[in-house]
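Here subunit A shows up in two complexes: once beside subunit B, once beside subunit C.
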Partner chain A sequence: MQTISLPLSSLWKILKYGLYDVMRSRWVLFYGLFFLAATDVLFRFGGTGERVIVSLMNVVLYVVPLVAVMLGAMFLYNSREYVTLLLTQPLKRQSIFGGVYAGLTVPLCLMFLLGVSLPFFYHGGITPDVMQAFVLLLFSGVMLTAIFVALGFAIALVHEDRVRGMGLALAHWLFFAVVYNGIVLFIVYFFGHYPIENGVVALTFLNPLDLARIILLLEFELSAMMGFTGAVFRQFFGSGMGIGLAIGALFVWLLVPLGLSLRYFKRKDL
Partner chain B sequence: MRTAFYITLFASVLLVSTAVAQDRTTWTVAPDGEITSITEAISKAFPGDRIEVHGGTYAESPIVVMKQVELIGIDNPVIDAGGENEAITIAADSTVFEGFTVKNVTHSFTRDRAGIRVANASHVRVANNLVEDTFFGIYLARSKHVDVLDNEVRGVPKREANTGNGIHLWNSDNIRVDRNFVSGHRDGIYIEFAEGSSFAENEVRDNLRYGLHFMFSDHSSYERNLFRDNGAGAAVMYSSHIEMRENEFAHNWGPSIYGLLLKDIRDSHIEDNVFYRNTTGIYAEGSSRVKITGNTMERNGWAVRILSNCYDVEFTRNNFVGNTFDVTTNSRRNPNLFEGNYWSKYDGYDLDGDGYGDVPHRPVRLFALIVERQPIAMTMLGSLFVDILDLAERVLPVLTPETLVDERPLMREVR
Partner chain C sequence: MITLSNIHKSFGSLHVLRGLDLTFREGEVTAILGPNASGKTTLLKCILGLVGPDDGTITVKDIPLSGSERYRRWIGYMPQIAQFPENLTVKQVLAMIEDLREEEPVRKEELIKSLRLEPELKKPLKTLSGGTRQKVSAVIALMFDPDIIILDEPTAGLDPLSSSVLKDHIQAEKKRGKTLLLTSHIMSEIEELSDRVVYLLEGQIQYDGSVKKLTEESGEVRLERAVARMMQNGHAKPSEEAADETLTDQAT
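For the complex of A and B:
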C-alpha cells in the first residue's frame, strides 16, 4: 500500500512547493493579468463575446506558446539547484519530473483560464451561440501551454548552457509560429500544380500551432473555409473525424516531448 | 306638385341604390351547407359577388376563376389539388383570394404546375394563404398590380430539377409581394420581367438555389427582407434602378455561393443591409453606377468581390467587420470608389480628430491573391507568416491594386 501511494504523494508534495515557488515569482501573475487586461479591453472596445473570441484567437495562438516555451526553459534552469537537492532524496525521478512539470504548467493554465474567463463572466459574453467557440479557445490555450512547457523542459534538459537554451527556446517558437508556415507556403506556391492537397493536410499535423490554428479556424472562419475549392481539406477537416484526429494529434504532440524529456531526465547524470 | 316630384326622385334613388347593393350577393360554401363546392358557387355567382368558404377539405381542382369574385376562407378551408392539377387559377381582374390552405400539387417536367396561379389578370389580391407541398407555390404570369401579402409557402425540397419556385413572377408588372414566408423551394422568390415591383418584409429561407432570383425587372425595390440558409442568397441580374434596403443576408455557405450576386446592374442603391457569415457577401460583375452605402458586412469569408468590369460602383460608409477578406478583385486597376468606410482591420490613427483615419487603408490583402492562385494555401490563413506578408504588401503594394484605397477610413463603426 505504502509503495503505491509513496510516489504519488511525493509528486503532490513537489507540485505543492513548485506552486508556491511559481506563485511567488510574479511572472505567472503578470501572465494572468495580461489575459485579464487584454480580454477586458477587447470587451470594452469590441462589444460582443463573439468578436472578443475572434480577437483572442491570435493572442492564444502566438503569445501562449511563446510564454510557455520561454518560461518552461527558464524555470528549469532556475530550479536546477532545487532539483539537484530533490535528487539526493530517496524519490523517484519520475515523481520529481512530474511534480516540477505540473508545478509550472498548472499555474500557467489556471492563470490563462482565469484571465480569459473572468471578463467573459462579468461582461456577460458567454451566450449559447459562442459556447462552443469559447470552449475550443480555452482548450487550445491549455493544450498549447502544456505542449510548449514540455518543449521548453526538453530544451533546458538537453542543453546545459542557459543562454544557448533560452536562444533555442525562442528559435523553436519562431520556427513553429513563422518559419514553418513560410516553408509550407513556399511548397504550396511552387508545387501547386501537382496534387499536393493530401500532403499539405499531412504537413499541418507536424506543427502543433498549425493544428490549434486550424481547429480554431474551422470554428471562426468557416464561411471562408467553406468557400474555398480545396475539396480534400474541406472534406477532411469539415468532418467530425478530421477535427477528432487533429485534437488527438495535439495530445501526441504533448506526450512526445514530455516522454522524451522524462527519459532524458531519468538517465541524466546530474 | 313640387314636393311630389322630390319624393319620387328620392324614392327612385333609393330604389336604384338598393338594387346596386342587392347586386353584390354573398354566397356560402360549406361541406354540410347548401353549396358544397367552390366551383359551383363561382358558376352561380355574378361578377362582384362574395363567396365565403367555410372550414373543411375541398377536393376539387382545378378551380378556375373567370369572373371577378371575392373568395374568402373562413376557419381555414383546405383545397386539396389531388396531385396532377393546379389548385386554383385566377384569370379575372380584381379577384380576391384570401384565407385558404392550398396543398398537394406534384411536380411535372413539362408544365409549371402551381398551387395558386394568377394569369392575365390585374388588381388581384392573394393574401393570408398557406401553400403547402406544391410544385410551384404562387405563380403570377402576364398580370399587373397584383398584391401577394402575408402568405406562407412551404415546400418539401427534393432536387433542383423537380422542385419549383416559391413565389414566381413572370412578365408581370407593378406587383407587391409583402410579408410572405417562403421555404423549401428551388428559388424562394423568382422574378423575371416584373417592372415596378416591390418586395418587403418577406422571410425566405432554406431554399435549394437562390432566396431571391431577380432578372430583367427595372425600377423595383426590395426592403427589410430576410434571406437565410438558402443555397445562394440573392441574385440580382440585368436590371437597372433597383433599390435594396435593410435586408439581411445570412449564412449562405459553399463554393461560389454569395449573399448577394450583382450581374449587370446599373443605377441602383444598396443601403443599410446586413451581410452576416456568408462565403461571399457581395459579388459584383459588370455593374455600374451602383451606390453601396451604410451596409454592415460581418464575418463573411469574402465581404466584397468586385470584378474589374464594374465601374463607378461606390462603397461609402459601410462597416467591414471581422471578414476573412474585406475586398478582392481580379485586376490591378480599380475603376470603383471606396471612401469613408469603417474597416475593423484598419490600423491607422486619427491625430486631427475628425473621425477619419489620417493614413489611407488598403483593403485588398496579398494573401487573397495567393489563395486565388493556390486555394490550398487557405490552410495558412491566420498564421503569423501570412500576416507579415500582408503587412509588407500594405506598406509597399506590388501585387495588389494600387488605386483600390480608402483615403478616408472611418475610425468608428457606422450605426
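For the complex of A and C:
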C-alpha cells in the first residue's frame, strides 16, 4: 500500500540526502576551517571577546556573501541533472526546490556556526556582556548565508548560461559589498547639504550586507565605524528599534528572492 | 497508455512542437526519431512534466496532466545523461529514490545482478565511469516495475554486454505489457526493439507506422537507409505537410 506523502516530508528527505552529499565534500570543510582559523587567529592576536567579534564582523560581512552567492549559483548549475532526476519522480516542485536549497544552506550555516563558535568556547571568549553581540554575529552570518544562497539560486535559475550566471553572481556581490558604498558616498558627497537622511535610510534597506553591518554596530554603539547609513539609521530609529527593523528587513531580503525563485522554478521548463 | 492531442510548444520564437497528436499503447515499443532539434526530447519532457506545453492536452492512463506530480509514479525514466549527488554511493542513491518514491522496488536485485553492478554498490558516484552511471540510471528507471518506461538513448555509453542485457530487459518489459518510448541514434537497435516508429521533423509527425512498413515503403532493406532517405527528403522539402502519402510518393 502506497502512502500519501506530504510535500514537507519529501523536502526533508531531499535535504537529508543532500546533507549526506554536501557534508562529504571538501569545500564545505574548508569553509568551516577558514572561520575556525580566522577566529582562532583573532583571539591569539590578543583579542578579547568584543574585539574579536568586531574584527570578525568584517570577515563575515565580505566572505559569507561572496561564498554563498558563488556556491549557490555553482551548486545549482552542477545539480541540473540531479534536479531533473528528482523532477521525474512523483515529487512536488516546491519540495525539490526547498530540499535542494536547504541542502546547501544548512551545511554552509553549520560550518560557519561551528567555525566561529568553537574558538569562542575554548578561548573563553563568551562573557555575559558580549553574549548578545555574539548571538547577533552568528545570526547575521546565518541570514547572509541564506540570503546570498537564495540570490545565487535565483541567478542560476534565470540564466541558463553558466559563465554568464557566475559572472552575474560575482557582480551582485561586488555591487552589495563595494559599489553600493561608492554610491552612498557619492550621494552624501554631492547632496550632503540637502535633507537626504530619509533617502539614505531607504537606501540601507536595499542592501542586506549594510543591514547586517548596522545590526552589529548598533549593538556595540560603535558610531565611529557606522558610516553615514549607520549613523542616520541610529538617529532615525534609535539602537533597539534600529536592530529590530534591520532584522525584519533581513527576513524580507531572504523571503523575497526565495519566493520569486520558487515561483519561477515551479513554471520553468527544464 | 499516453495520449497527446494538439501539443504545441515554443521556446521564444522557436516553435518546437507544432500540433502533435499521438497515442502510445500498452505492450508496444515506440521509437521517436528525427534529426537534431526536431522536438524528440521536448516531446519526452512534455510527457514527464519537465516542460509545460503551450497548448493541447496530455493524458497518462486517461488522467490529464494538470500540474499534479502523482502520475510520475507510473513512469520510469532513463535520461540521456545520468548524474547523481557525487558523494553518495550507488547504494545510497538507490535508497534515496526508494525513499522519495515511497515504493518497494520489485526488480532491483535482478537488475543489479544482470547489469553486474554489485562491485560498484559501495563506491561513490564520482568515482564511476559514464557507462556505470548509465547502468545505475537503468536500474532506477526499471526497478519499480513502472507501467510506462521512457528511455532517452538508453544504450549510449554502455559496453556491448550491458547494452544487450539492457535490451533484454526492454524486451521483457514489452512482453509484460508496458508502454515503452525510446529515442536512439542506433538504427539497428531500433529495428531490434521497436514495433513502431514516429519520425518527427520540425515539430510535426512526418511518419508514424511500423518499422516493417517504413522499410517497405522506402524500398530499402535496412531501417538505417530508410530513415536516412526520409531525412534527406525531409530536409529537401522542410515546409511540406508531413504524413505517409508524401513519403510513399517520394519513395517510389
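Assume the second predicted complex is superposed on the first by the 248 of 270 C-alpha atoms of A that agree within 3 Å, B and C clash if a C-alpha of one lies under 4 Å from a C-alpha of the other, contacts with A are read in each partner's own complex, and residues count from 1 in each chain.
The working rule: contacts are C-beta pairs under 8 Å (C-beta built on N, C-alpha and C of every residue); 3 or more make two chains touch, one makes a residue touch a chain.
The structure displayed is predicted, hence computed values, not measured ones.
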Subunit B versus subunit C as contact partner of A:R213, first or second or both or neither: first
First, second, both or neither for A:F251, with subunit B first and subunit C second: neither
Which superposed partner A:Y82 touches (first subunit B, second subunit C, both, neither): second
First, second, both or neither for A:K13, with subunit B first and subunit C second: second
Subunit B versus subunit C as contact partner of A:F30, first or second or both or neither: neither
Contacts of A:N58 with subunit B and subunit C, given as first, second, both or neither: first
Subunit B or subunit C, by number of subunit A residues touched: B
First (subunit B), second (subunit C), both or neither touched by A:N181: first
First (subunit B), second (subunit C), both or neither touched by A:F45: neither
Partner chain(s) touched by A:V200 [first = subunit B, second = subunit C, both, neither]: first
Of subunit A, residues touching subunit C in the complex: 2-3, 5, 10, 13-14, 17-18, 20-22, 24-25, 79-82, 84-93, 267, 269-270
In the complex with subunit A, residue positions of subunit C that touch it: 11, 45, 48-52, 69-73, 75, 77, 79, 81-88, 92, 96-97, 99-103, 124, 140
Footprint of subunit B on subunit A - complex, ascending: 50-51, 54, 57-58, 61-62, 177-179, 181-182, 184-185, 188-189, 192, 196-197, 200-201, 204, 210, 213-214, 216-217, 221-230, 233
Subunit B - residues contacting subunit A, complex: 253-257, 277-280, 299-302, 321-322, 324-325, 370-371, 373-386, 388
